[in-house]
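Look at the two complexes coming up: subunit A is in both, with subunit B in one and subunit C in the other.
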Partner chain A sequence: MSEPVTIKVDGKEFEVRPGELLIKAAEDHGTYIPRFCWHNRMKPVGMCRMCLVEVDTGRGPMMVTACTNEVVDGMTVDTQNEAVQKAQEAVLEFLLANHPLDCPVCDKGGECPLQDQAMAYGPGESRFVEIKRTFEKPIPISELVLLDRERCILCARCTRFSEEISGDPLIEFQDRGNKTEVNTFPDHPFSSYFSGNTVQICPVGALTAKPYRFRARPWDLHMVESSSFFDTAHPRLSIHVSQNEILRLVGIDSEPVNHSWLSDKDRFGFEHVRSENRLDTPLVRRGGELEPVSWSEALDMVGNRLGLIVEESGGDSIAVIGGASGTNEDAYALSRFARTVLQTNNVDATMGEGPSAHFLAASIDRGLIADVDDADTVLVWGPDLKETHPTLYLRVRRAAQELGVNLVVIHPRVTGLDDRATATLRYRPGGGHELLSDLSDGSHEQVTSLISGKVVAIVGQASLADDPGLAESVAAFVREKAGTPRIIPLANRANIYGALDMGLAPDLLPGRVAYGPEAAPEPWGEIPAKRGLDTPGMLDALSEEKIRAVLLVGADPVGNSHEPELASDALDLAEYVVSIDTFLNDSNHYADVILPAAGFSEKDGTITNLEGRVQKVNKIIPAPGQGRPDWSILDDLSTVMGKSMGLGSPETIAKEVAAVAPAYQGISWDLLEWDARDGAVVPLDGEQPLTHIPVRAKGTKAPSAELLLHQGRVMYDDGVRLRNCHYLSRLAPGPVAHIHPDEAKRLGAREGVAVRVVTSKGEGEFAARIDEGTPEGVVFVPLHQPGAARLGTDPVVRVTVVT
Partner chain B sequence: MSMWSQETQNRAKEIISRYPEKRSAVMPLLYLAMAEEGHLTDEGMEEVADWVDLTPAQVRSVASFYTMYKRERTGQYLVSCCTSISCMLLGGDDVLHAIEDESGVPHGETDAEGLLSVEHVECIGACGGAVAVQVNYELIEGVTPEKARELVRWLKKARPESVNTDEMQELFGGVKSFDWGIKEEDAAVGPYPAFQPLGTIKSAGDS
Partner chain C sequence: MGLLSELWRGLKVTGSTMLKTIGGSGLVTTEYPKEMRHKPQRFHGRHVLNRYPDGMEKCIGCQLCAGACPADCIYVRGKENDPESPVSPGERYGYVYEINMLRCIFCGLCVEACPTEAITMTHLFEMSTTNRQDAIYTRKELLMDESGKVPHMFPDDELADLDELNTADGWLRATAPSGVAAYEGVQMWQGTPGAASWDPEPSQEERDRASEGDDG
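Coming up: the complex of A and B.
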């Protein structure tokens, strides 16, 4: 590190890092210089001129923009002398020359940087008498964002965001001079997964989000900090509420996680919370119909029945599926309830997807999101991060684009990061292990040579055709090659990492402890010794009628299954099904009792993200009707069943977790609310209670068929929460099949025509999408699309044009 | 799948190969798109975007910034009259009015036949030879209102396949800013600059 330099701002002297921008250095030391275009997380442009200050570096005073000038030793700066004030007044007079005075009907009114700074630094009146420019208003630039061009002050924040940060520059300045405007290309909407961020950073009311437009005034809102339940990186955000209704979410600048950015799913996905389809009362199936009952009746019914089944057939006859959608406190309660009250080890929050629970929860050298910033190479061999892990996507993109980090992307088709990759490799769906052996044998030298030095390996299941264990094998390969890489194992589902840390897998106990009867936490007492089943195992056991009862907790095994008939037949055979959930879904269709759960923003607690960072999430609105948090439902059930857990409150659960879960020692709500607002990575002392060393597995080859099916998750799908979002539900691509232009020619398919896709496990009609990003010999079908047939995991596929 | 002719595609490849970054070729390729279709269409800009790996919005941002990229149909001859300071002082406005009057085409418009477009432009770098006029960006210096009328009549009557700066200077020009040196043999074939890599040029040797 080079020596700090001394600068003097408005008579105050302080030391700052050399090379820092003056505007940032001054702000960090208590002097706010007004600005519109400059944003802490983007490169400066000096467009708005609002940050003019008088600087003297020994050559006499001159007026410069504080956002484009770096500090130098001995610099003296005046941010408010007469000349600067005059400059600020002039800049504002010009900015307001065309800006409408529609603040009373503008959504930004009350929290508008232009409004505020015009009051603080403006001349108070204008010499311009000319007619202001007007535009057709508002114009939709995407499904989610509206643009009122006459309000725009051309700061280029939104256009820079789209080019520098999100990598989809679909909005740009158009025309010139007095006619300059921000706009899209005709019929090429700003269909970015990150469009909502432009609304957040717009310093005027030019960009507004449809879900918030004309809904509230900032002074009507109250707010609380929390984290998103969609992206497993858990980007930090603030929930803004009026009259018990969430009106918007705003990203918080958390250095280790999301730099203030949110994907549109994380930003607008809150709409499901107020959906009229939310479950709001306990329901019991009587004569095939669901009837509302009181909580006491429902809990008695469920407790007695489950108790009877445990007594008659033992805990092994009960399956517990889910638990990744709640808080850590909910997950802990479920883990304890399953092991001690139900006496079963059949618990699985992963739903049988992705890498093994041990690898996800306790991989050696677990990486942090921020590790990608100073890596030599980032290897991404997993899902398309842009589609499934947007926070990580933005961070990796920035590392490759701005920080000079080498990026290697290995995926069956083009991904959102490929345009910034140093090297990319494609492989046939199901052929991951083959490629891995080739790489170990020394082929693809230009790729393998990059895997050295400080490597971050981001691994997960890239294609449904891939063996879920491939991710772990990749991690093992990188360890062979590069010593001690940082490993980030990827999984989906809101709080899956927290659920696993709380022991919601057959082979784990709370706090990253390998399962064993002797390892039971002290307050738990005796726990069953028999090894439990994972989700596929439980479904098999159900089919064989070895399991009598199922407890689904925020879980939809039918909706998630690639062969839904297997799951639905299994649930159909179950004698008794209880579901704790926020919505009706494809699985609790089979439930005998459905208990309404509290969801996002309706309960306090903690959650753990993909790097093992524990963050506090907060309640700000009540759950609809009689909805209750999972932990409290389970606590009452335990009482009915005569084995009361006595959990008390989520905070007492958090204290119990800190006491009994080794990895969570030292974690308290107090810490997370004050000293560690950005969250704390567990274990705090770095001493992993359980270390899983990735193992290289022997894999199979890709089938030799000419055409193979690649299925992967995309941002918008038919998930029950998304389905209940007014705006986001329209964004799912639906049943589509991506085909390379040459492949399409062979098949005789054109853009949009119906094609029939047939596999050994399913078939259905899909609309053809001609796509150069999908290699020849591969058909790409986005997973879980509304109205789309399920095709199973076998990649051998036949495609014909429907005539 | 390109909608351009094979020849234009070859030219695009050749131009792109001159730059270390594809996107640097955006401006010459916009002229190619104009030459291909006569003016710059949305489809033309999308095509350019495909060639240089930019988004259509970025390409349109460039295209709409510069006035020489015509996004509306232009006549076979684009007559541009300079009205910036030097030309204005020496009667640029009179020359413009003469052109407008003789052609019947006001500034910024094109005649019904699609033969002539007229525009006044900012400085075209010929202040020493004011008043300066261009036909398809081929320069004529020292133009008077009378000569301007002759120029318009000639374009309408002769309808030359291409226009050449030296030839027109001789016929319609006056005082030149400096000695232009050896004769320029090449001629412009449409309302875009004559430039070899763009193929918008008719050489003296061509038949």
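Coming up: the complex of A and C.
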């Protein structure tokens, strides 16, 4: 790196990196230069002129914008002399020439940079007496965002965000001169998964979010830092609460994770927290009806019954499904409860989805999100990141677009990253293994040649038709090609990585340790020796009546299953089903006892994201009614069952985890709250207790049928949390089938007409979407849509137009 | 010696006041509540939420009063106006408005904070209740009706003079709504709740005309 340069700002001299923007260099050294348009995470434009300062580089003082000028050695900068003050006053007077004075009704009032800077740097009085320009008061530019053009100061933050960061350039300036306004393109609503960010960065109240509109003012909000439970990257955010109700979430600029951005699902998904459908009291099924009971009654009932079953038939007759929706402390409590109290190894947090637990938890050379920034090549062979892993999507997009990283995207259809990819490859649903062997045999030279140097491989299940083991095979292939690539294995559930790290898989123990009775953590005592079953195994065992009782923890095997009848028949056969959850779900139909759990923002704890970063999440509101955190429910159950775990509090659990889970050594709340505010990647010393080396599996070929079904997750679906969000629940596309225009012609389908989609496992009616992005011979159906039939995993499909 | 003379001076005041009271002219104690003492114009009594002459509510639910209140006793929630039948001018109105009179210290900061003069204070201070709930004044008790009549928690209260509800703390404003510099610092007063009584500011055209007149 080149030599630092010395600059002098307001008489203070300091050294800064050459090439740094003056506004940033000054801020890093304690001098705040006012600004509207400049944003740390976007390119400068110099639109607002608020950052004018007087600079002398030896040629005499000049007035320049600090956001567009780089530091130069020997530069002297004056940020507050009379000339600068006059300039600032003039800029503000001009900005306010058209800005309405509706601060009292404006959502931004009280935290508005324009308000603040008008107070701090403004002239106090305006000479403009002309009538201000007016526009129609707010116009909706998307389902979630309103635009009040009167208030806009044309700083281009929103337009730059959509262009530079999210890649949906749907909001732009229109017209010229005094008539300039931001707006969406006619006929194109601002349909972005990231629209909420524009609200956060707009320096005035021109862009406001519908869910927050008029609901509070900044001064009656309490806030606490936390992380999102939707995206498995766990973007950092701040929860803003008034009167015990979450009113909004605001992204926090976390360098290793989310750079302050949040997807709309992460930002507005909090609405489910205060849904009236939340469970708030223990329920017991009596005569087919669920009746509210007291905690002590419910716990006694469950404890005694489970105890009896363990005594009669042993722990193998109990299944524990779920555990990925809570904190690490909840997961640890469940892991310990299952092994020591229920005496079973039938535990599975993955619900039988995606890559194997060993690969997810302990893959060798696990990559970090930030690794994509300085990679030579990023390979994405997995789900469409824009739909499923928005934080990672933004990072990869930035790497490809701004940092010159090669990007290879392999997916059955077009993905959100394709427009920035150096190379893309498509394959027929189910044909992943075939393509992989072609690649290793040397075909697609232009793609494989990119897989060298520093490679980050982001792998996951791209299509339901793909073998879940494909991701691991891809990782193995990349290791053959590129030596030591960084591997980021993808999975979907909220805290799945944390749950696996706490041992919620039949073959894992806390701290990334392979299961074995001799490896049991100290305080656990003896644990069962027999290898447990994964979710499909447990459901099979249920159908064979080898399992008598099921404990569901934030899990809905019926709702999640691609063949729901199998799951519901299995649960129906269970003798006793206990569910710990925040909402009633499809599986709870079979539950004998339902215990209300505390959810997001209602409990303290830690969570672990897809790169193994542990972050602290915080409680700010109480759970509705009598809801309690999972760990405390399990702790009480263990006492009823006579094998008290004595867990105490989330903090003492975290201490226990740090003591007994090798990968979590050194992780403490103090560390996460003070020294490692951005979280800490485990293991802290980098030494994996268990290193899983990806193996290449033999796979099947794609079926040779003419038309194949590709099913993949999309951002908005019928998940129980989203279903209970007022605004987001309307955004799910519903039952739709994407087909290529030529394919549509062949079928005689037009946009929107009903088509019948038939597979070997299911059939249903879907609305046709004519879509260039889906290749011919493929039908794309988004997974888990409200009102959509489940089609199973077999890709062979028939599509006919409903007449 | 000194002490005695000081004592004498003090007792002289006591004595003369005593004599005055016997004479009746300096009587301070009155037969409250039959007889009420005069209150200064800016007396801080219970609050009232005002309306414009056309019946629209002035409160826009901005929560500035709640933010300014040092006792944290105001609870406001805003909501979007239905454009077809708006409650207040503009986009937003206060659909929840509560003041906990047990906590209120009658400082009047809420009145000063209000950008629309929606909340002002009256001269009535008789608000004793027998339970805490009744001390929380909601829109029902605070908001004047469309004819300008101010409701009271206990309309039959014999001890209170409900006329006092029509005497308001005069409120002041230091800037004009459109920000005209000439109005800055000019205090405006009104002695009753309800609509403003001062002349509206001249329109832009009128002002332009006036300044042309100056030139010509």
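Following the convention adopted for this analysis, the second predicted complex is superposed on the first by the 803 of 803 C-alpha atoms of A that agree within 3 Å, B and C clash if a C-alpha of one lies under 4 Å from a C-alpha of the other, contacts with A are read in each partner's own complex, and residues count from 1 in each chain.
We adopt the following convention: contacts are C-beta pairs under 8 Å (C-beta built on N, C-alpha and C of every residue); 3 or more make two chains touch, one makes a residue touch a chain.
Note that the structure is a prediction, hence the values are computed from the model and not measured.
S.K.: Regarding the shared-chain residue A:His188, is it in contact with subunit B (first), subunit C (second), both, or neither?
M.R.: first
S.K.: Look at A:Arg217 in the shared chain and tell me whether it touches subunit B only, subunit C only, both, or neither; answer first, second, both or neither.
M.R.: A:Arg217: touches subunit C, not subunit B.
S.K.: Return first, second, both or neither, reflecting whether A:Asp168 touches subunit B, subunit C, both chains, or no partner chain.
M.R.: In the superposed model, A:Asp168 contacts subunit B only, not subunit C.
S.K.: Contacts for A:Asp102 in the overlay, against subunit B (first) and subunit C (second): which applies, first, second, both or neither?
M.R.: The answer is second: A:Asp102 touches subunit C but not subunit B.
S.K.: Which holds for A:Gly110: it touches subunit B only (first), subunit C only (second), both, or neither?
M.R.: second
S.K.: Which partner does A:Arg176 contact after superposing on A: first (subunit B), second (subunit C), both, neither?
M.R.: first
S.K.: Applying the touch criterion given at the start, work out whether A:Val405 contacts subunit B, subunit C, both or neither, answering first, second, both or neither.
M.R.: neither
S.K.: Which residues of subunit C touch subunit A in their complex?
M.R.: It comes out as residues 60-64, 66-67, 77-80, 90-92, 115-116, 179-181, 184, 204, 207.
S.K.: Can you tell me which positions in subunit A touch subunit B when the two form their complex?
M.R.: 168-176, 183-188, 419, 741
S.K.: For subunit B, which residues are in contact with subunit A within the complex?
M.R.: Of all residues in subunit B, those touching subunit A are 1, 42, 45-46, 53-61, 64-66.
S.K.: Can you name the residues of subunit A that touch subunit C in the complex?
M.R.: For subunit A paired with subunit C, touching residues are 101-105, 109-110, 125-126, 129-131, 137-138, 213-217, 219-220.
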